[in-house]
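Both complexes shown next keep chain A, but they swap its partner, so chain B is in the first and chain C is in the second.
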Partner chain A sequence: MTLVVGLIFLLTAVFLILPVVTTVLMAFDSRDYLGPFPPQGLSLQWFDKLWDEQYLWAGFYTSLIVASAATLISSIVGTLAAVAMSRMTGAARDVLSSLFLSPLIVPGVIIGFALLMLFSALGIGSPLTRLIAGHLVITIPYSIRMALIGLLGVKSSLREAALSLGANEIQAFLTINFPLAKSSIAAGAVFAFAFSLDDLAISLFLSDFNTFTLPVALVGLLRSSFDLTIAAAAVGLMGVTLILLLVLDRTVGLDRVVGLSVDKA
Partner chain B sequence: MNVLELKRVSKSYGSFLAVDDVSLTIEKGAILSLLGPSGCGKTTTLRMIAGFTAPNSGSVIINGSDVGHLKPYDRNVGLVFQDYALFPHMTVFQNVAYGMKYRGIAASEIPARVARMLGLVRLGSMEGRYPRELSGGQQQRVALARALATDPQVVLLDEPLSALDAKLRLELRLELKEILRSVEATTIVVTHDQEEALSLGDEVVVMRDGRIAQRGSPTAIYNDPADRFVAEFVGRSNWFNAGNWRDAANGFVNYESVAGISICGQAKPNTSGKVDLCIRPENIDVLAAGEPATMDENTMPGTVVDVAPLGADVHIVIDIDHGPRVLAIQKSGSQRTSFGVGQSVRIGFSPADVLVF
Partner chain C sequence: MKADKNQGILLLPAGALFIFLLALPLVLAGVESFREFTPGRIGSVGGAPLTLASYAELLHPVYIQYFALTYALSFISSIVAILVAFPIAYYISRRSTPTVRKGVIFITVGLLFLSHLVRIYAIELTFGSTGMFAPLLTALGISMNSREYIYFMIVAGLLQYSIPMSMLILIGTIQNLNPRLLEASQSLGTSAFRSHVNITIPLCVRGIVSVFLVSMTMGISAFAIPWILGRGRVLFVSNLIYSRFNEVANFPSGAAISVIMIILCVVMIYIVSRVATLADRS
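Up next is the complex of A and B:
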């Protein structure tokens, strides 16, 4: 029995990790064409090429701006919505919670197309504004969800204790509820940033020739010149993610960000 | 002088009347226990005093002024929550100091004042600890120190000892009482635990279905309960459903019990119809089958079902022949404890100890 479980565990791990390992190894391939795995020799040529790839850098900058703006706005809006929802009764909260999560079950392509139509009708022409607004549709649900988990984890007696000790509603929120829920809110921000950075479907519709996100640029590059610059870009992105996770671990604690201990705070 | 007064306070949730026309006063420095089963309205009463729940009618008066419309933070009511509600992200010092800045205590005064409060609850060395690093009893004392730190006009304790294990509960109960006395805090203790209520309170208010069933000293509540509910809720009791009385003599009458034996008890004024007779277990003597009873005692034959020696007391359960099952509590070491299961015995109790409802 334990053997079977162990085997399943191992297979799952291999299945999850193998593509990453393959990508990392291929990024250091010394051949100047896309050859079969494994690489015969190692070099940094694809990173050199990546460094000079202005098209990808432009996409990266746009992605950073869009993801940062979307994360900031959705964290604020999401937290405020979650505060209101955390004070509702169970039934009303469940309905609203499902409603706010509903954008996640609509395919990104449909959201992208619908937004493109809407923005044209409204006359919102700035692609940056359109991208940020579009990404908010998929980041706000995560922010609300995570903030709600965090806020619901704070016992109502704590707030009442603060009120009985003389703090008003706002002071009680700022000194008690918010600090105790902040790791969950931070986790929501990480999710929002990651999903914004990762989004292709919506961004494809809302990008134009001058303003496009990194995933859009990668797909464009894949079409025009199919080489291992993309693998190098992937390694670069992993590096950025790793740094982000390290920073988060040092500031709020990684176990809290992934939500294993929201109530402990 | 009354520090707190509830005047005909009522609160309903939909069609459910949680608190029904309750009036209550408490004097400065007194400890009042609010005792009742869950759903009796005691917690709602506490929340109305604290300001978390607004009464539908009636007024809450603290030190002469009606605070019914004031928010919790505009009253000065100290609260100790059942789960202590210590702020987990703050140290013991920060927890105790929390209310001080909002209650207008100068920042320079706070450290000395926190130290004094922690000294009061004997946690002087724990300033820098976080709540999770404290035992349950220590957390309870921090919660008390925090509630007392702002010199509240009224202190409310919500089931203060229910989260602690039995031995610690006894220790802390005494300590809690000493601390509350020493700072002369006007206190209301809400509890469903009758021992807690009787031991902490100078006075006890028993609540039932949103109303006050009885108010009195702990002794009066136990020895002279107002009705069957109070008698059953406070302490242990044995019950006989009796018929009408007959043969009155010397203030005592004979009630016809179901077992076909009459029980002599105090005459109840204006008795009509059936009455219930209650005898506290410690007032029942267990007699061997042949042992003579005192002349005027009620006696009934029965069979021993269980004998449980519980330290100072021995609990003996007896099935009365053709009658109910009764519990008798005898002091350990008395001769009246050496009975075996299945043995035929008699129980005896004085007519003066029979409570009639």
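Up next is the complex of A and C:
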């Protein structure tokens, strides 16, 4: 029994981690073409090429702007909604909560396609505004959910105590509820940022030739030239992931992320 | 009364964005799906006559195959993910030391946060024609250009997400179980394996069902995975919608496929949750 579980564990670990390790090793390949694994020598040439790859950098800057804006807006909007929901009865809250989480089961391609039709019908929005609006659809659910979990963890007696001592609603929120729910709200922001940064399906519909996000640029490269500049870019993106992970661990602790962030049921 | 009014104001921004950016576009797509399409134009003409043509077209076997393939490969990856993730999650939440647990969770969350294009590229580098397994596969006489191998690559791509996701959800579920129940069963003489089948698994039905639904919805909406790993020879429904927009500019058809896809998704979630509730009660 234990042996079988151990074997499954080992094989799964290899299956999930081996591709990442392979990519890191190949990024340092000294051959100037994509040859068979393993690399014959090491060099930094692909990182030099990455440095000059204006197409990817342009995408990266756009992605940073879009992800930051979407995260900021969805954290504020999501927290406000979560405050209202935290004061509702269980049944009403459940209905609203599944409604607000519903964008997560709609395939990204459909959201992108439908938004494109809306924006062209109304004839509004620069590409940047369109991208930010599109990303809000997938970031707000995470912000609401995480903020709600945080706010529900605050005892209502604490707020009532503040109110009975003469604080008004806003003061009570700012001095009691918000500080206690802060780490969950921050975790929601990390999720929002990460998923915005990684979105391809929605961005593909809302980008144009001048304004495109990093995944749109990456997928363009993947489909045109499957070379190792992408491996170098992958190493860079692993660094970004590591930073997000450390932020998440510092704010809520990764242990608490288990079962609470991804469990939609 | 005052509190209710305040709550309305707090919900207003999120509600307005939800209606404007999700509900309204989906309704527009629904309307568009009934419009008549004139080849050569971008989208339908405003006020074009209404027709069921875009839906009728989908009854063609070619289109049904796209749907069947999308569901079949997503189903395989969801089942494999549960079979693999359940024992690991059980081991992590019950037997492992805090350090191992922390390490596994760090790596799992990290894998989910890593750019999905990076993971797809990594799969191609590892299992593709320049990968480390290529010599072995060639020696075994397995063609890496066959349709079956492309299916394998796509399922491998889907599993890169469904396994870590399933692990995290199931670790959460198993942590909430009372370990005494299992001990009781074993102390009454039942074997470890049978005890798990009789006690642990039935108590985890909700968790397993939500894992299945999350993996299925993720698989069905997969876009980049089949687009890149399918090498243009295997496409999912998502890719079909994109090509309707990108290649032929037939918006009504793309909209009709989207409507069918959402309906199928909702029906699937409804049926699976019903079955789960019934199983939970019995």
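Keep in mind that, in the parts below, the second predicted complex is superposed on the first by the 242 of 265 C-alpha atoms of A that agree within 3 Å, B and C clash if a C-alpha of one lies under 4 Å from a C-alpha of the other, contacts with A are read in each partner's own complex, and residues count from 1 in each chain.
Just so we're on the same page, a contact is a pair of C-beta atoms (placed from the backbone, for glycine too) under 8 Å apart; a residue touches a chain by one contact, two chains touch by 3 or more.
This one's a predicted model, so the numbers in the text were calculated from it and none came from an experiment.
In the three-chain model built by superposing on chain A, chain B fits alongside chain C with no clash.
By the touch criterion stated above, A:3 is placed in contact with neither chain B nor chain C.
Contacts of A:205 after superposition: chain C is touched, whereas chain B is not reached. In the superposed model, chain B and chain C sit 90 degrees apart as seen from the Cα centre of chain A, a figure rounded to the nearest 10. Using the contact criterion defined above for the overlaid structures, shared-chain residue A:176 touches chain B, although it does not reach chain C. In the overlay built on the shared chain, the residue A:162 is in contact with chain B alone; chain C does not reach it.
When the two complexes are overlaid, the chain among chain B and chain C that reaches more residues of chain A is C. Of the two partner chains placed by the overlay, only chain C lies in contact with A:113; chain B stays clear of it. Legend: residue contacts after superposition of the two complexes on their common chain; A:91 is shown touching neither chain B nor chain C. Put simply, the nearest alpha carbons of chain B and chain C end up 12 Å apart when the two models share chain A. Counting contacts by the rule stated earlier, residues 264-265 of chain A appear in both its interface with chain B and its interface with chain C. Put simply, chain A touches chain C in their complex at residues 1, 4-5, 8-9, 12, 15-20, 22-23, 26, 34-38, 76-78, 80-81, 83-85, 87-88, 96, 99-100, 102-103, 105-111, 113-118, 120-121, 133-134, 136-137, 140, 144, 169, 194, 197-198, 200-201, 204-205, 215, 218-219, 222-223, 226, 230-231, 233-234, 237-238, 241-242, 244-245, 248-249, 254-255, 257-265. Those residues of chain C that touch chain A in the complex are listed here as 3, 6-8, 10-11, 13-15, 17-18, 21-22, 24-26, 28-29, 32, 43, 84, 87-88, 90-91, 102, 105-107, 109-127, 130-132, 134-135, 156, 159-160, 163-165, 168-169, 171-173, 175, 192-193, 206, 209-210, 213-214, 217, 220-221, 223-224, 227-228, 238, 241-242, 245, 251, 254-255, 258, 261-262, 265, 269.
Those residues of chain B whose C-beta lies close enough to touch chain A in the complex are 50-52, 71-73, 76-79, 81-83, 85-89, 98-99, 102-103, 146-147, 150. Those residues of chain A whose C-beta lies close enough to touch chain B in the complex are 155, 157-158, 160-168, 171, 175-176, 179-180, 264-265.
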